[in-house]
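This report refers to the structure that appears directly beneath it.
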Amino acid sequence: MTREARESCGLFGVHGVRDAARMTYFGLYAQQHRGEESAGIVSADGETLHAHVDVGLVTDVFGSEHLDRLRGTVAIGHVRYGTAGGTDVRNAQPLVVDYAAGKIAIAHNGNLIEANRMRDEFEAHGSIFHTTTDTELIVHMLARPKNVMVDEEGVKYTLSSLKGAFCLLMLTPEKLIAARDPNGFRPLVLGRVRSKGWVVCSETCALDLVKARYIRDVAPGEIVFIDKKGLRSETFCVKRRVQPHHCIFEQVYFARPDSRVFGDVVHEVRLALGANLAKEHPVEADVVVSVPDSGNSGAIGYARASGIPYDRGFIRNHYVGRTFINPRQSDRITGADVKLNPVKSVIRGKRVVVVDDSIIRGTTSRGRIRMLRAAGAKEVHMRISCPPTRHACYYGIDFPTTTELIAANYTVEEIRDELELDSLGYLSV
Amino acid sequence: MTREARESCGLFGVHGVRDAARMTYFGLYAQQHRGEESAGIVSADGETLHAHVDVGLVTDVFGSEHLDRLRGTVAIGHVRYGTAGGTDVRNAQPLVVDYAAGKIAIAHNGNLIEANRMRDEFEAHGSIFHTTTDTELIVHMLARPKNVMVDEEGVKYTLSSLKGAFCLLMLTPEKLIAARDPNGFRPLVLGRVRSKGWVVCSETCALDLVKARYIRDVAPGEIVFIDKKGLRSETFCVKRRVQPHHCIFEQVYFARPDSRVFGDVVHEVRLALGANLAKEHPVEADVVVSVPDSGNSGAIGYARASGIPYDRGFIRNHYVGRTFINPRQSDRITGADVKLNPVKSVIRGKRVVVVDDSIIRGTTSRGRIRMLRAAGAKEVHMRISCPPTRHACYYGIDFPTTTELIAANYTVEEIRDELELDSLGYLSV
Amino acid sequence: MTREARESCGLFGVHGVRDAARMTYFGLYAQQHRGEESAGIVSADGETLHAHVDVGLVTDVFGSEHLDRLRGTVAIGHVRYGTAGGTDVRNAQPLVVDYAAGKIAIAHNGNLIEANRMRDEFEAHGSIFHTTTDTELIVHMLARPKNVMVDEEGVKYTLSSLKGAFCLLMLTPEKLIAARDPNGFRPLVLGRVRSKGWVVCSETCALDLVKARYIRDVAPGEIVFIDKKGLRSETFCVKRRVQPHHCIFEQVYFARPDSRVFGDVVHEVRLALGANLAKEHPVEADVVVSVPDSGNSGAIGYARASGIPYDRGFIRNHYVGRTFINPRQSDRITGADVKLNPVKSVIRGKRVVVVDDSIIRGTTSRGRIRMLRAAGAKEVHMRISCPPTRHACYYGIDFPTTTELIAANYTVEEIRDELELDSLGYLSV
Amino acid sequence: MTREARESCGLFGVHGVRDAARMTYFGLYAQQHRGEESAGIVSADGETLHAHVDVGLVTDVFGSEHLDRLRGTVAIGHVRYGTAGGTDVRNAQPLVVDYAAGKIAIAHNGNLIEANRMRDEFEAHGSIFHTTTDTELIVHMLARPKNVMVDEEGVKYTLSSLKGAFCLLMLTPEKLIAARDPNGFRPLVLGRVRSKGWVVCSETCALDLVKARYIRDVAPGEIVFIDKKGLRSETFCVKRRVQPHHCIFEQVYFARPDSRVFGDVVHEVRLALGANLAKEHPVEADVVVSVPDSGNSGAIGYARASGIPYDRGFIRNHYVGRTFINPRQSDRITGADVKLNPVKSVIRGKRVVVVDDSIIRGTTSRGRIRMLRAAGAKEVHMRISCPPTRHACYYGIDFPTTTELIAANYTVEEIRDELELDSLGYLSV
């Protein structure tokens, strides 16, 4: 799956440590793969909030001077991939606003349903919107007079009326609040750090980096309040008849392989998918290679299950970044060339199985396959550790629209033709 | 008057020219002295708005790539000095929001009265605030359902209920709106550019730079709508019993000497103030010098009226900027030293009259006077082309609080002592 | 092997293509792993040379505006790792100077022997040195009157008197010259690009990216002149009794796995080293993992030869860069933590073989091993696909001094203890 | 005179103070008007030299982190305007090299005669040149074996053989050396700072800023050695028959008005030139205005001598900088418009005398005159406080070539026509 389509947002919150902002910086850094558009941290010092939010990578947005100003023992942070809303700095999160109950900061991972309708309703009642994010809509709901009156009850009431995918971190000058939608679409985990600190974040790889211990997942429909008196857990979803509905893309694409998501280590999940793929779509071949790094775990799983040797078919350039100069047309150098180069000695004369986690538009995959052909592959068999991506998902993944998804418009056989493959196999559902 | 206290905000709007954003860039550049904190331009292309706003000087905030993206034949821009609200990028203007009637951008020069009370009321009804500016408050008022229903009438109704100082530029995808408060505290002028373009801006020096012709001042209580059909002027202030009440600081401090403000050329006003000062506070002296550049016009006026020769007593370093390295304490080099150096040959052995436009805290003035003493002045007589600044002004000038104003806490005689002057004279009211 | 010790310099030259500088940019980008300190390109347009050289990565140093100014159909470029000379911009290459024969640019990969003695001799004769590089010494030799007189003969004479490791690219306004020392310590390859262009560079991965065809290695002792009349090859080393002496570190550490170096594909060499390692140091274990990315090929080789399954034991953070904020001491977060995270499910309860390409100081390796222990490894067996690094190499690799090399001061058994390993095996010579 | 033509280089050296580099920073800052191309500081700590040199303004080139690294109690600095050599960073000064006697840094203000011939001679003997500056030539001369042998005698011998204009600062790890050419073309002054420090710099305005006391000018043909034992003065010019020959452009254009140059305060010199101009070229007029800031002192002198009132005819935009966006052609906004705006009330209907210090190409002056006409001037009389600039000067001023100088190609009467003036008067020699 290409970078454009694979990311989500990342959340990190911590309560009860010195230099909470600095720890949040590392927590975001570990989850940078979940969003490269913008980064932000808001800290609370008991009296007020301090914020720094900007577009760019965590290491671009924050310098020591910023972290020094973000005083306090509580902080929340966010890295964003634009699921809704463009790349405007005003869409960067956490969002910090004043409302009747004082100051609040809010960070959101997910996508609401019926957001546009609700937005229209608010506007009809005189509300103004500074951003195009769902997050601002949530703040408007929180700020409604009836909610504000009752504080924590108001928050719970607001959350119970939201539809869609959401993991939320909220920060007031005194309190850190974390919540996860009743379906549990997106991951949110709870950990302990140092002697008595609490951490809430999207992926366990952030716990690992800040030396926090994984305690448990925040449950679907759970809201957690953390303040000086400690942690309190409640359920905001009155009738708990909702089915948990984890987003499979988290395990297949988004999360880092070393993270534990929805209770399973992502790498293990992908190994198993690769093994299943080998069973569903076996082929006679000489070597199994992956499209780095998205196909790495799946390829190892496929190789183990099939008995075909695993090898490194492509080498990734470590310096691939954002500010690359575009080659002129005549150079015929593509972004794909810059990122990966095939290892000819591994490929030449071989029947190659190449494993990846998805095919979105098809253009990137075709480039990879042509590279393998140019490197001398005798046969190229592609295996995708996921079912065909046939429709855009409305729960927080910003896929290309359906018309752009190759699997939405062609049969597997047509795609095989289009990509000039000897065989193509998707994992079944 | 020190830089910190002398600035206000600058507005520039243009309708009906190709590259409206580029012209706005120049219009803001000419008015940079009105605000160095942030700069922003929003353009309209008939369908939507395009915005770029950031902290910093106009030349720092905008590159060609930004201007190229700000498409359209209509644009408004703003340079800001923080009259209310800190240096956060979220306070930078124009503010762009979505509300029931669509998109609107708004830029404001002035300060509202009772802003905090109104803000509290809005919050009590569920509104949220992203910034600490009065401008956002105006947007909330505009967005109230009853206003929105009736469009232009709604805008007029909102303006009629505002109290305080305001010049406003508003931009929708189709229309440019300009308005000035009924007292006319702050300046706003109307000009024509090229064959059929309209310009609205704070100072005429911006008209000069973009080669626009000055037509007239926007009248107190006037609202101007400019769209494809042309310009329409209306009055939003139902009962026109309000007294015009121009802010004298505009002519004394804020405006560029080459601008025409409230009908008079600023330089001429300051010449006359200097001449009056010579009549009210004559002194036997050998030379009249100014504190550059704030006292330049006043000093020439004083010299002419008194017959004492004018000379250059201080030379200004042209490279004074913002990112200066602080000298260590031991170097005894002050910011004042870096900015100005006395011309010893002009000062030595002379009885010197030094003219400035204000004394705020007194520390800067004392530094200048010590420089003159160190350069060998026999006597130092300070003349201020303005009455003592005794209280902070609530109409848009961010003076130090009253406790910091030297004239609020000391008599003229005490200030003379404090500044180690042979004599001190303020202009009477 | 740590980054600090593993890099060398990278060369790229091209003759006979439009936009030679732009192609050189890509050629350097592909070889960025050979040097991150500085980057430079010099182009020739038939009349003069155009240069841009600065400290930083290729993508930091060059923007489109620079490439546009580097006109001409011939260019050479250099990425540098400071084998000698600090990080001063003046040491960045190519070096461009004026001398009696006109302008010349020169780029060098390697280290000369007796450089300091020769430098002293030149200084005693009145020469001045602007840099601390060996490259400047070569230029002084080229500029000696007797060399200049005879042009190409002079260049050959100069090269024949150099001792040590050197691959050189030289550029005059009309001619590109490439040479390799008689021992052939460092790699240099020749390729063709587009219809009639020539490329000379350090590694074949650069040929791949610019779509050039590999022709052959530049031979030890060979000098190649490329100008409008085409390519001429000569031998500058009169008596060809010198033994070829390839630097094994090129294949073991420096080069990209997809490059062909000294005739062999690097990945294949490393696979074979891993396989030999499995034969020399077998162990009963459950999983083979690599230290990414330096140990990847070796680990696959070890796994294949030993029959123990290969798996991903560590996940690398893709965002590891240079401008990272140092965590405070109290955070106990190390640079190693930021770079890699173990996959607990792969490690827990397992007997782990971890493969890397070297142990330099030992501190980094100890960090990795502790990570594996913390992740629950039952046993940790380290295998190094190279003999112990016992002394600094004087042919162009800037190793830590001998006192810092752990293998120079301890026996293998002592290192095993120091690193808290269950077993440790180095490849024999 | 336009900025392009008016600048020279600025030198600052200090011996015997803590934080010598920091004081040098301020000394350069005060002399920034002498060169905006590049800035550099080299410090000596008794053992070695520390350098930081780059293109840009002093405030752009240096941050606290640089000054902190420039350790030692002795330092020299340089700001450069490219009298010879382009804007390449390699031409920035001070130049730091190794030669037989060790490390030396050198900074130069002036232009040598016969530099190209000497350069060719050096190249013929095998020397290489990294820069296109005369400074490097001086270093080559210093490094010749016969000079090096005798140290201070060698320096004196080298200086005695130089022809042209030069003020030099040299720095070795132990010693600061300052020298001025026998004609004394360029200024160089000596001061004392704090209890026992010495300062050597181009203009006294730098002494003022660092709180140093002016002692005397360095004499033409004098060389000063400052080390731990104190200051020693010698004469390097054996036969002292040379005529002092001060560059009049220093007083007319280059220097800051508050500086004392060649014994006179620059502002006073310019007042006197303005007064002479009034005597030589009287005119009936209503107002005298200056082209800011180059004509300010001259205009005051003219006004006083003629009895015609002085007023501010143009207002200068304080934000004029380097990174300005070019207006599109259609905007008809020129760089001159951006820099200055006429004060219409001062000009309208008046007979205006406008004073400047030079006319170089004529294009800038014509722009100013047209502004005055557009502002309603009845008559425009230009007065230039300097003789016609008829030929490029070869002693360190980088004038446009003779063909571009308007006065070299036209009579005064023709220039008057060309500039559309009512009258034009140059000062006689």
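A few points about this structure:
In this document, chain identifiers A, B, C and D correspond to the written order of the chains, with residue numbering beginning at 1 in each.
The rule is simple: a residue touches a chain if its C-beta (ideal position, glycine included) is under 8 Å from a C-beta of that chain, and two chains touch if they have at least 3 such contacts.
A quick note: this is a predicted structure, and the numbers were derived from the prediction, not measured.
Chain centres here are C-alpha means, and the one lying farthest from chain C is B. If each chain is reduced to the centroid of its CA atoms, chain A and chain C end up 36 Å from each other.
The mean-CA centres of chain A and chain D are about 59 angstrom from one another, to the nearest whole unit.
With touch defined as above, chain A holds no residue shared between interfaces to two or more other chains. Contact between chains, per the stated criterion, is found for A-B, A-C, B-D, C-D. If you check the complex, the residues on chain A that touch chain B are 88-90, 95-100, 119, 123-130, 132, 139-140, 143-145, 148. On the chain A side of its complex with chain C, the touching residues are 18-19, 22-23, 25-26, 29-30, 32-33, 57-59, 62-64, 67, 205, 208-211, 256-258, 265, 267-268, 293, 296-297, 300, 304, 309-312, 314-315, 317-319, 321, 323-325, 327-328, 330-333, 337-338, 341-346.
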